[in-house]
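Labels A, B, C, D and E are assigned to the chains in the order they are written; within every chain, residues are numbered from 1.
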Amino acid sequence: MLFYIFSFIAIFSALMVVAMRNPLTSALYLILCFFALAGFYVMLDMQFLAAMQILVYAGAIMVLVVLVIMLLNISNIKNMKSDLHQKIIGVLISLILFIEIIFYISNGVPKKSTGIFTEALIRKVGNTQFIGEFLFTKYMLPFEIASILLLVAIIGAYLFAKKKY
Amino acid sequence: MHNAPSIYGLNFLEKSMLSIIPEAVIIIFAFLVLFFAFFEKLAKRKNSYYLSLIGIVFSILYVLMLSDRNMYGFYGSVIFNGFDVFLFIAILFSGLFTVLMSKDYIENSEMPAPEYYSLVLFGLSAMMFLVSSNNLIMVFLSIEFMSICAYILTGYIKGSTRSTEAALKYFVFGTYASAFLLFGSVFIYASTGHLNLDGIHYFLENISYVGGVDRSGGNGIKVYISIGLILFLVGLAFKMSLFPFHSWTPDVYDGAPTPITSFMATGIKIAAFAIFLRIYSLIYNFNVMNFNDILWLLAVFSMTFGNIAALLSSNIKRLLAYSSIAQAGYILVGIIGGGFYGYSGTLFYLLSYIFMTAGAFAVVIIFENSDLISLDIKRYSGIGYKYPFIAASMSFFLLSFAGIPVTSGFMGKFYVFSSAVKSGYNWLVVIALLNSAFAAFYYIKIIVKMYMPDKEPAGASISRGKIDEGLMITIIICLILTLLMGIFPQIFINFANNSVFSLWRI
Amino acid sequence: MDFKILITWLIPLFPFSGWLLWGLFGKYFKGLSGYIASGFVAVSFILSVILFFIVAYSHGFTDTLYPWVYAGIFKVGVSAVIDRLSVIMLVMVTGVSMLVHIYSIGYMQGDKGFSRYFSFLNLFVFSMIMLVIANNLLLLYVFWEAVGFCSYILIGFWYEKKSASDAGKKAFIVNRIGDFGFAVGIFLLFVTTKTLNYETVFTAIPSIPAYTTTIIALLLFAGAVGKSAQFPLHIWLPDAMEGPTPVSALIHAATMVTAGVYMIARFHVIFSYSPEASEVVLAVGTFTAFFAAFIALTQFDIKRIIAYSTISQLGYMFMAVGIGSYTAGIFHLISHAVFKGLLFLTAGSVMHGLSGELDLRKMGGLYSKMKTTAVTFIVGGLALSGIPPFSGFFSKDAILADIYNKGFYFAWAVGELTALMTAFYIFRLIFLAFFSESKIEAGKHVHESPKIMTIPMIILASFAVIIGFLGIPPFNHSIFYGFLHTDFKTAAVFAPAVNNAPWYILSLISVLMGLFGIYIAYILYIKKALNPEKIKSLFKPIYALSYNKVYIDEIYNFLIVKPLYAFFDFLWKVIDVKVIDGAVNGVASAFAGFSVKARRIQNGMLMSYILTLSIGVAALLFYYFIR
Amino acid sequence: MDFFIKHLLSILIFFPVFSIFLLLPVNKKNEGILRNLSTFLSLVELIFSLYLFAYFKQNTYKFQFVEKYNWIPSFGASYFLGIDGVSLFLILLTTLLTFVSLLSSYRYIKEHVKEFVILMLLLETFMIGTFAALDVLLFYLFWEFMLIPMYFIIGMWGTGKKVYSAVKFVLYTLSGSLIMLFGLIYIFIMHYNQTGNFTFNILRLYNTHISSSLQIILFIALFLGFAIKIPLFPFHTWLPDAHTEAPTAGSVILAGVLLKFGVYGFFRFAMPLLPEAAFTLAPFVIILGVIGILYGAFVSIVQKDLKRLVAFSSVSHMGFIMLGLFAMSVISINGAVLQLLNHGIATGALFLFVGMLYERMHTRQIKDFGGIAKKAPVLTALFMISVLASAGLPGLNGFIGEFLILIGSFHSYPVLTIVATSGIIFAAVYLLWMFQRVMFQDITNPEAENFEDMNLREIITVLPLIILMFLIGFYPMPFLERIDPTVLHFVSMMNHHNVVYNAVKLKTGLSNA
Amino acid sequence: MNSYLIVASIIFCIGALGVMIRKNLIVIFMSLELMFNAANLGFVAVSNRLNLISGDIFVIFVIVVAAAEAAIALSIAIAFYREKGTVDIDKANELKN
């Protein structure tokens, strides 16, 4: 039941994100969508991820987005004439994609569960602890790389946003 | 599966560090270079340039030192073996050329040097991580890392709308593609339950050896894995700029600063092909599904489209971009040919491709200056007599692209094509040969311009007084290696063979 | 090296070296070259006379100088056959050439191409000698074409004149057409007998199927037709008169044109084993003899008249070899060489006297002004028209008699008629040129030719008188027959004598014919008993036909040359440029078109790029969707 | 000396490269030194190549002067050189013509002399290499790179639509040879699949067993490559353009040597590698050849441009050669090989003379000439000799070759041979007509009034060719006795294959009776 | 789990649609974020179903990358806006053919 509510919210808001003409509105819908996804995570016993989702996405990224929208104040719609037949093609293609993916999913069977991290175990130990352990043992290197990646991103942002050297 | 060969008396972390020394060196130097940005007077001078050169050279040395090692690091999230050795060398060479080319270019359009070089170095490290990554997380992460560096560098020229636009297009397109890659890896994960490449490999081995029907899933798994692999392929094909995922290539190559264009054309492409080769050899070529006919289509379309589009284009950078699409198609022929022979052919071709491309772009930089006209082929008319050496080497690189003998291009083409014939893809080879026949036209068109100007030479001249020695060095190295690989390919072939051996040895 | 072999190879060597000398260093010799060249030819004449007696009193022989072309089973050497036939030909060739050389010294005096002329003349003599003594078909073919080349270069000697160079080219090409057949004949011969040496070929001939022999013979005869200017390839000979007159005397009367007859006589085995082919030879000969004489009736250019008479006389020779009486043919060949050479030389001296005038209508009354020329000319004319005791009488008579006795009555009749016409046209020429009142335009100073020209004429004239007596006693008892027929023993007898009319009747008929022709000419042009113009108008169409050489040239031009040329032009302008080359360029432009379309995809719109990518993904997924 | 003889082929191949390095330091400005030095070096090369002739062992078909070193072991490619009677003379022709054309271009090439001589020497290297290589990959390497110097020579020093012609030349031949490359690779791989090891050694590849149907396909692939080079009708269209626009030296090399590669390729690769296909397709090839003979002759008759005329005449001559080669009789192939030389000599000479005329009159239109003979007797005489040699006049070289070809082919293809023989008539027509219009008649063009005769250099340039014309015409044995064993072996090899093939066909009931 | 994947793919396709049809750079960026999140959902669902943890780790990295991309994207947007005065990507049409 809960699943359906969340999925309805998620899909609806996602559609809205695409459909709304005003970027600000779509931003807000996106945040809503993120909340719905966070709900999913909680349902799947990943409270930590849910928190991350809220904090990073809804918190950091979307705020940034909204800020930029304000900054450039493009919220009042510039007349971006969007030609119709491109829209049609886009819708068509995404529909086709969707149908195909659905076809694959419905025909395919995922692997049988072999992992040890059963919900019980995760509940007992706590997902945060597992994630932490893995992040700092097995996925140490990606973690480091991610940090450098962020640094680079900062440099990039700084270089781009700067008016002139 | 963490049965890395034991390295004498080192603890785990040291072992792991050992396996990523080359990347680490590069990153350290990148930080050093970046460090200079904070001090005005250091930044002014050429330090960052030389420092990054030193870093690359060091890294190359380390790679050579470790060349006989074969080890896992960080719980198998990275591998280091002969395969990586070969590709590290290749990638580092492309980085070296990029740096060498950049000095002159940066001076012209006064851009802040340190950040630039550090970004190049970061990009290099990202590529190396990508090549040696053994884990879908690593793959995704390093692809993104690489791409972000590329985005920034592409849009690096301030106040040039072209550059910004290129960055924009590259960004949107790239992120869109990597979203597909991500979504694809979801399905791979769902079907195999592994993120480690070799884990996936073993899993697929099991199901494919029992006729695709195993205790878990059976054909259903095949369906899953196939969609996953297709979507994953999209993400990589974008980097390899294969038709129809190529469309960003001409614009981005055109808009980006030329050294970066060369960087993308060589380094990023090589890295993408390398990881594709690794994943392909590990995963795709199980009879989960026959991927060769998809690749067949991609290869044929890429080379045909690239060549045909290049025929009439008058902008040298776009022309080279189109030709790089075509070249990607040729390289793919080797992968399709498959087997030991085909893979080593592919690696050989990749190596030769670096040298010719870098050389050609170096020449482009020489004759480029701020105005757009400088990219028009017309501007090359008559330089054959003004700058005989440069023109001669340019023609040599172009002939190598065209696959005329005595150049490395011919040997590479011959290698991959014969591998394709070996595994029975005759039509593919015929198409490829016809392609390279009429592709010769636009390469020769440039030579015509250089040596046989229809009227008096249009007076193309080097915008600044003298030719930068970095460019000269690049051209000379590329020239020598292109010639060497064309005449005495055996050493390089052995090199490639070794790396393919260790690719098998996973 | 054996003496006779040495001689054999010295004979061609002298003219050959002469050619090299004048060809390379001609300009240092100036006038001298003429004398030395004549000396060279004289030497080889003497040598051939010696050889003649050697062979006459011993037997023939063959010798190989060096291996020439060895490829697989194809083995051919440069080798000579010296038998009675070839020595006779040698003596004739070298003798006439010697006289012509001497004559030419005077005739070509002061021409800027003097030494060039003699070098080519020497080359011709060399080639002719080699042709005569060649011992295999390849060598024969080589010099067969070489003499053709010499005639080409000598006809076009005054190359500034377009007509001259045209005539040379025409001669060469028409000869090539004949040689084409000749070559194919050689191929067939080689394929059937696996060899090209005379004796081996001849020994093989009787054992190969008759129709093959016939085909070979006909193909070889095609070469003869071209070389000896028989119908329908006769067209080049009249034009060949553009060349210097001594050349016409030597090449186009005495030696080269008779090569065809010589060839058939040499290959008598092949021809005699194929009666059909011989029939064809006879028919062509007969027709040509009549046809050429018919044209000669009305011409006004003296050299052309003599040229047509040459064609006609060659027709006689072919009639002879066509019925298998080879000795008669060769006999007429020899005597014809003498008197026809004489006629040409004298004609040349007439031209010389009139400073290049050739038109009968601008001559007349020359007898008083140039006696030697006139007398010698008349001797030649009598010989040609077969009046005893001149040589022409014996030789032609032998032929006609043989034809009659072998029962080819129609051919015989035509022959006799031709004899009449011959006598008429040659005496028409004589009367108009030498006797009737002078029509030479004023101010032209007519003079007798210098000694160096007249002496050869006189010598030839005397030969024209005496040489005929080799032909007595008549038929197969004559000296000449006795000497030569040993060479023709190998010939198969395919046309036996069906009746032997007594020789004096036949001779009488032909003599009467000759005299009658002379008489007609006399009443027409001396007595003016009846006006030529009247007759002309009486037989208007026939006259026109004869006067315009039966329009052969025009017909060829209209039927062959023009259509071919148009066809070639079509090939070039349409097939090559439009179709073949157009296809190539079409492909190129097609690719250019694709390129424009392909680059339209790269329209710079990010949206469309994204769309292409998504379409690509959808397509890839769909690809597996369907399988 | 011993070393010299042992490595003569390598020396011949790399001496021009060495001479290039000698030339590089010379300053562009002093062209005199460049010209003389390069000519001298090519003369030295020519003399070296004469050693080849001197030390060549007759009456054996075995390859001589063999050198074999590993090159690319992992492809089984080796640096494998060697010559037999056929390639011997082609190499001699190459060195001779290179010398001649360098000597001939003193006056024609006015600018970029340095580049020109360097390219010519480079070209020589690759031409000799192509003839000497017995390793398919090595052969292909030389074969295809050869295009590039030629392309530069046409494009940089040509006239008129030079760029168009050069590009057309390169693209056309390139596409042909790439198809050929596919065929070669395929055979290479097949040999690998049968024996399990890679080799490009042509002698080993001869033993590859290929099914007859496959042979046809592969033969067509190779055929395209070689036929375009020859060029066989209807692939000839690049030739007239290239010839017409190329500088004299370029035309000489192009006609004299480059066209030979196609025939040589058939002789060395296509036919022995794919004998059954060769036998099956021989009639078609011969028909194309015969069409080429007549077509070339016909089209040359109506040409207005001297060089174009000569170019089409070579189409006709190459037709003869193909006829001889594919008639597969010892005699005809002997003739064909000899005719390769003859065509090189005669046509080369013709191009030299056309070049001289062009240098003096600055036109190639036949109508602009006339009456040259009066002004230049020497030129006329030598020109006429070459014209007649090309027209196949007996006593000159052209005749021997053509006659052998025709008499050899007559046995197996009588009708076609007769048709081909008719070509000699038309050859006479177009050549003599051209000669008459150019040299004879009266002077129409005022420029011809001050037409100077050949100078000593020019005479020296053509003299070797003229001498060879007479030599081969009067005494071809030195050539034939070296060619004959090779050809004999070739034919027996082909026939052996064919016999085996027929036997197999009978056994397997494949005989298409 | 399939149901989760279906939802994920729906969201993914909607994101793709957004990228394909919208012209506003910011909105396009948001659609890209949607696609990433769809993937995230998939990962979480799968790792939950297979009782694995690595999927969740992947999600964390994806979030990190998304943040980095956000920084880049927005700065590019600003730069672009500064030059063109708009964020309409159809105005990015200098580079063509």
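Simple rule for what comes next: contacts are C-beta pairs under 8 Å (C-beta built on N, C-alpha and C of every residue); 3 or more make two chains touch, one makes a residue touch a chain.
Just so it is clear, the model here is predicted, and its values are computed rather than measured.
*Asks:* Taking each chain's centre as the mean of its CA atoms, which one is most distant from chain C?
*Replies:* A
*Asks:* Once every inter-chain C-beta contact is counted, which two chains account for the most?
*Replies:* Chains joined by the most C-beta contact pairs: A-E.
*Asks:* Based on Cα centres, what is the most central chain?
*Replies:* Checking distances from each chain centre to the full centroid gives D.
*Asks:* Just how far, in Å, is the C-alpha centre of chain D from the one of chain A?
*Replies:* 71
*Asks:* Can you compute the centre-to-centre distance for chain A and chain C, using the mean CA position of each chain? Integer Å is fine.
*Replies:* Chain centroid spacing, chain A to chain C, equals 104 Å.
*Asks:* Per the centroid of Cα atoms for each chain, what is the distance between chain C and chain E, given in Å?
*Replies:* Centre-to-centre distance between chain C and chain E: 98 Å.
*Asks:* Taking each chain's centre as the mean position of its Cα atoms, how many Å separate chain B from chain E?
*Replies:* Using C-alpha averages as centres, the distance is 25 Å.
*Asks:* In chain A, what residues contact two or more other chains?
*Replies:* Where chain A meets two or more other chains at a single residue, that happens at 86, 89-90, 93-94, 97, 101, 104-105, 110-111, 114-115, 139, 142, 146, 149, 152-153, 156, 159-160.
*Asks:* Two-or-more-chain contact residues of chain B, please, as numbers and ranges.
*Replies:* 137, 141, 144, 148, 151-152, 155, 159, 167-169, 172, 176, 187, 190, 193, 226-227, 250-251, 313, 438, 441
*Asks:* Of all the residues in chain D, which ones touch at least 2 other chains?
*Replies:* Nothing qualifies.
*Asks:* Determine which chains touch and list them pairwise.
*Replies:* Final set of chain pairs in contact is A-B, A-C, A-E, B-C, B-D, B-E, C-D, C-E.
*Asks:* Would you mind writing out the residues of chain B in touch with chain D in their complex?
*Replies:* 385, 399, 404-406, 410, 414, 417-418, 421-422, 426, 429-430, 433-434, 436-438, 440-441, 444-445, 448, 451-452, 454, 488-490, 493-494, 497
*Asks:* For a test of understanding, state which residues of chain B touch chain A in their complex under the given definition.
*Replies:* 16, 20, 27, 34, 73-75, 77-78, 110-112, 115, 118-119, 122, 125-126, 129, 135, 137-138, 141-142, 144-145, 148-149, 151-152, 155-156, 158-159, 167, 187, 190-193, 215-218, 220-224, 226-227
*Asks:* So in the complex, which bits of chain A are touching chain C?
*Replies:* Contacts found on chain A: 86, 89-90, 93-94, 96-97, 100-101, 103-104.
*Asks:* Considering the complex alone, what residue numbers of chain A touch chain E?
*Replies:* So the residues of chain A in touch with chain E come to 3, 7, 10-11, 14-15, 17-18, 23, 26-27, 30, 33-34, 37, 40-41, 44-46, 48-49, 52-53, 56-57, 60-61, 64-65, 68-69, 71-72, 74, 78, 80, 82, 86-87, 89-91, 93-95, 97-98, 101-102, 105-106, 110-111, 113-119, 122, 127, 130-131, 134-135, 139, 142, 146, 149-150, 152-154, 156-161, 163.
*Asks:* Of all residues in chain C, which touch chain B in the complex?
*Replies:* Those residues of chain C that touch chain B are 588, 591-592, 594-596, 598-599, 601-602, 604, 606, 608-610, 612-613, 615-617, 619-621, 623-624.
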